[in-house]
């Protein structure tokens, strides 16, 4: 059954090809259904392969299926081949699953858009790329997927390209990602130079023993640079909030559930290298992760755009995952990745449903009290809220708890910051829920003021949209079951064991400590929710005081980048193009031509037209020759 | 005696040469040229080139200078030239420098080995026999070809003179004056 | 005393080309005296062409005897002439120039209503002077040849008496020509004094025996370079060239550029590569040639850039071409000599072809030579524009033209003797010169379409024929040079005959 | 005692130079042309001198040809001059400067 | 096929075709006749590719005819893995360039020059005789000069002159270099020959001489490529050339330079190349970064693409001088890739100009709304140029960087930055041209016509194919590249460094 692995990416690819050629003719909604069907098929194929893998004994749960040789050059040989192992299957399962749901959701969400079919073209292409990323059996093919998802992200973020903001955001996403890709590429070069191969089997296998920890650290950090780009970590996170310009399903699929987790996946994939690389490398990863988590959380507290909050929240949650990786808790990372995929996709889709229902209004300050109008959306959204906040027994609690425990195990500051971030998360998510679903129906003021939309009423979404919400809500609720911290319930842990081997992290702390930590976290979560309630429902505290400008402006990071990178770059480029290139380099070329002309002009003035002048020159020439001859003879 | 002849003839030659250059009136120049030619003829005689001396006087003085004078008269250019004025800046000093260096150069090169060459390759000049017959033998043996070829030169001179002097019928028919002022458009700016 | 003069044997058969041209000139002169009129003007042209061709045919016979690998060069007329491959080669060059020149003169003379017969007479006699220079084995014969060539050209330059420029060209050419030939003659005198003879064989023999550096000889050599450098328009003795080329009737310019330059080089090459071709003397004169070559290359191309009159432009570019021939001479090897020969032959056809086009474009009055006259030529006469383009590209040294191979040959020779600097200078000069040719092409093909309809310039049959021949030579030799390469190589066999 | 050749040669060189300078500084074409004749005479003197020194009649033969050339040159040259300057008083060489640059 | 002189035919057919086209009556058929001839050449080249033996590194289909005997000059042509794809690429692109763009006047002249250009270009790729090589190298200037000058845009004359003179100045030195090489070889061995193979085998030059001669060659190649800082003719020429001219200029003519580096640089002067490699690597890297930086702020779309060529060609230079199998293979395939993608880009920019009569980025905008298919095609081509994996551009770039990294770590790292910049300037320009709301004339910007689709189809097809399955190409390139490296190793003290596990996996 494992041979069917090629079907997993092939189906979305087929969907892409068919839609590309005939999408316009299929139209709305057939194109969407086709894409969804392909995605569903892919999910089924994944399940089939998964079952096939389950059949195998633990030590044989790694299977490579090679399709054809892709780039054979010199000593390099890269195949198009798929690696079926527990990690890739775990990823593939949730990717195809979530993607199928979001495809389904999009059928309704994108209904009526001019470029309906095109949207699904991109979506299918994205799914294909993501699956290549996950299933690849070598770095280069992963990079293909890596870049492919980046490109699709670009297409989809700038899907509504008429809006300058969307276009800019798409471009920004791609370019910032490219900065990360730089790291990925150099890492691959280094891997090739070190191992002579880019196959995971060669690099992560027995060959690893010959590598010095310095080289390994370099490889790991370079790949981590790639990961910070793709997974929106400091300092390259800036593209993700902007990427919210894309349609909401895109945000849910790409910028919450799947693509942004690719960095985490990559880190987990190379865990043997991280193992060799040593503690410093891991600490760097952990600190970047936790700082990102905290930093993004603070910004999320003061955003008014419903999707921006979720975006910063995503950045923050991804930070958690890297914290986990940095602590060596790969299972926790994957665990959180999966639960996060459920609840964050849920939240995004919920937000999309709200936006849909509010006729494309995204400002939370103009919402409120939507609970009555959007019952399904609001209830599922609240489930998502509880999950992300880490309220037991929702999925988020278990995975976040796992990470925090590991952080505690590694170092106290990490734990403290992680803990504060958990509180902040509860606070800003609470703020969001209260602003959107509770309190006054502020949207009425706006509607009245404008008059035109006087009859606007929020409305619930069609079934294609709410069914995914419900499914995801179920996942967000019970996702924790995948890896409960009780003996015998650690399914994910044992599933990933073949991949992680001896790097499988065992907590050194006792069950009591773990419980205490969990209780502390839960307490803090409730404090955060409480403050949110006080501010946004109870009106006990002034909202403005809680939303300082510096946070609303996201710590002025974008202006900072603009003045530190963009502006000098611009000046440099202008100088290069219009001064250096035009004046100096080309000037030299034209200068030579000018010099010839000038010389010609000067010489020309010798040619006076007077015969006697000419004769003088002849005579002078003769005298010169004579002088030379005299010098030959000697005076 | 030889020295005296050389001195007198040489002085005449140089004086004539300078006269050609310095005389403001072209007619005077022509007359000074005659002086030089005679001087050179005397120097020829002094060096046993009797035939050449005769030819020099006959051809040069008798024909060439006369031709010059004819042309001077024909063109009516016998007015004096203002020699104090030189329209071309720097021409005179440069000419002087060139001349000085030129003379110096030639003299420096010639000073040591005046008769380095092989002797009497083209026939002995001294000894018995007249200069005329020796020259004749040389002309009709060693220099036969050159001698014959001079005829071509003369043909060209004749044809050239005819071409240059003739008024063409066609031109007259068409009312185009062949002598129409060649420099009609040229301003006289350069003339003094 | 009764003196018996034993007149030396005259090898008439070896002199046939010379005799054909001189005798033919007289025939034309006679014919011209008896039959005048514009109707039969073509006849003189035809006669001249026939005479030129006759010269070529005669050359072919002589080549069989003296030229080629197995040929035996020989002295003629008491050692005054050498009949060898070299002289035959130049006979071919000059006769070709006569043929082409006569072909394009016909249309010109008729267009300008000028007397035909004397023109051809002078041209033929001038050519005979050129051939004489190439054959000469005696400096005084060189001098006479030079004068025959030049004096005829002085007259030809002033042949168009309606154009002030033509007259000015004549007077300038004449004054400077006389001036420089005085230098040449002084050089001959000094060489005579230093060696005892004007005969190259004797000079050569003397120089080879006498190892002491003779100041007289060096002075003589310097003055010879001045005189011949003037003829071939080498810098700094070139200043007459643009004025005379521009002012002369265009066919004369073409003929002058081809034949006079070739003849000048013939003398230069022969004198320096036979009589003065000894190791110590080489050290003396090669640097001069080197410097002259470099100056000529640079000045020719740089000054051509700033011209706006096409004839003048090509005049400067022809100065540049002389530079390349000097590069071959500077190498002072058989390959260099062959390169120079090949260059001159190729150049003859290119330049005459170019001037044929210019003759046509000059229109009635021979006055429209400004670069603006070429605007839109590609539209009005595409064929003419194309042919001109080929000649220009050939002059620029673009491959698949004879011009490229010519440069290839001489620069090969320079490189072979490790004269890398001059090779580089030559190539850079070619680039500068290319600008000139490209500018002309630009005007013809890409010039802003002028408002007034460009009238098609009439193309006489003779000119067309000349263009065809020149084009065919330029392109065919450019592609398949083997025969001409062999010809040049075999002709480049200069040895001192005693 | 005969005068040594070097005297003659020096004289000739000076004469040659005088001719050359004359051509450079005089504006009248006819005078310029006379200067050329001076130069040719200087050369002739040189030839004759060398002929004496070398005891060789060849040098004298050369002078003979030079005379012919001079004559031919004069004929053609004067023809050209007449042609141009028939209507130009002064026969100034500097007038012929249409062509330049 | 064994007896048929296919290589000679590849040169002669277009050359003769040019003459035929120039004479076809009436003139309006000329373009189609020319197209037919170009297609014939294309088919010949494809036939050659099919018949080409993979796995063989040496020259195939070699044929030699004496041209000028004593000079050792012959018509010697041969093809190997390095040149075969360039020939095929030329064979494919020329018909497209002939028939693709709109020609507003004198289509006959245009077609004839194009065919002559094709003959010259293919001649360079096939020549194994330095004389023949130089002839073809120079002859291509003429048709291109006429194409730019005759059918170009406003500043065409300046651009054409600059192109011609700049390149000619370069080849002037090379010409001397060729002669030095040949004559020193003759003086050392007694054999005067222009045969590349013999010259390469004999390696008769002293070390220091070889360096200078190589530099003379390299200057000429560098100008043609162009390598920073001798690149400034390129933006002008590209911008002012007609669409077909730009396409050929970018796709084929720039490759003459990079190809010549391999065939006449590495092959003839292995030792000098090894010695000077760091210098050229540095120039290549500078070109990559500099070209990209300058491209970023260009206001003219065509100029932007032109500068992007400078950057892309920098990669090829890097690959060439890295002297590893991977990098060289990458360099060769990148030549083809750049030809396809930049050629296609120029076609597209030309189409934009035809529609809008401007190339100013500021005057365009929102075209994706008016012409989504057009935008889509542009996007694919652009992404190929950016180096997106799965499209052709990536394979070459990656191999080059990978191969360079093995020997020259830091050069490769800096060059990789160019990958970021490529995305920057291309995406930014795409945004300005295609994104946003269309205004003014941009609203009615016509969608791709069927003829244009037919034109782009083969290009886009190849872009995707080579990105997904470059193996057939790489397999054919590899033996020749391997031989070349071995040749370099044999004649210098260079040895290709081993990667950890040696061959393959």
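For reference, chains read A, B, C, D and E in written order, and residue numbers begin at 1 within each chain.
What we mean here is this: a residue touches a chain if its C-beta (ideal position, glycine included) is under 8 Å from a C-beta of that chain, and two chains touch if they have at least 3 such contacts.
Note that this is a predicted model, so its numbers are computed, not measured.
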item: Other chains in touch with both subunit B and subunit E; value: A, C
item: Per-chain CA centroid nearest to the all-protein CA mean; value: E
item: Two chains sharing the most C-beta contacts; value: B-D
item: Chain located farthest away, centre of subunit D as origin (C-alpha); value: A
item: Inter-chain centre distance, subunit A versus subunit D - centres from mean C-alpha coordinates, in Å; value: 96
item: Between subunit D and subunit C, distance of the C-alpha-averaged centres to the nearest whole Å; value: 26
item: Subunit A-subunit C separation of Cα centroids, rounded to whole Å; value: 78
item: Approximate Å spacing (C-alpha centroids) for the pair subunit D, subunit E; value: 65
item: In subunit B, residues with contacts to at least two other chains; value: 88, 91, 95, 98-99, 102, 105-106, 108-111, 114-115, 117-122, 137, 142-143, 146, 150, 153, 156-157, 160, 163-164, 179, 181-183, 186, 190
item: Junction residues of subunit A, two or more chains touched; value: 593, 604, 607-613, 615-616, 619-620, 622, 626, 629-630, 633
item: Residues of subunit D whose C-beta touches two or more other chains; value: 9, 16, 19-20, 23-25, 27, 32-33, 49-50, 53-54, 56, 58-59, 61-62, 65, 69, 72, 76, 79-81, 83-84, 93-94, 96-101
item: Contact pairs between chains, per stated definition; value: A-B, A-C, A-D, A-E, B-C, B-D, C-D, C-E
item: Of all residues in subunit E, those that touch subunit A in their complex; value: 162, 165-166, 229, 231-233, 290, 293-294, 296-298, 324-326, 329-330, 366, 368-369, 372, 383, 388-390, 394-395, 398-399, 401-403, 405-406, 409, 412-413, 416-417, 419-420, 423-424, 427-428, 430-431, 434-437, 468-471, 474-475, 478, 481-482, 498-505
item: Sites on subunit A touched by subunit C in the complex; value: 593, 596-597, 599-601, 603-604, 606-607, 609, 611, 613-615, 617-618, 620-622, 624-626, 628-630, 632-633
item: Of subunit C, residues touching subunit B in the complex; value: 1, 3, 5-8, 10, 22, 25-26, 29, 38, 77-81, 113-115, 118, 121-122, 125-126, 128-129, 132, 138, 140-141, 144-145, 147-148, 151-152, 154-155, 158-159, 161-164, 167-168, 190, 192-199, 202, 206, 210, 212, 214-219
item: Subunit D to subunit B touching residues, read off their complex; value: 1-11, 13-22, 24-28, 30-31, 33-35, 37-38, 41, 44-45, 48-65, 67-72, 74-76, 78-92, 94-98
item: List of subunit B residues in touch with subunit D within their complex; value: 2-3, 6, 10, 13-14, 17-18, 20-21, 23, 26, 29-30, 33, 36-37, 40, 43-44, 46-49, 51-52, 55-56, 59-60, 63-64, 67-68, 71-72, 74-77, 79, 81, 86-88, 91-92, 95-96, 98-99, 102-103, 106-107, 110-111, 114-115, 117-126, 131, 134-135, 137-139, 142-143, 146-147, 150, 153-154, 156-158, 160-161, 163-165, 179, 181-183, 186, 188, 190-191
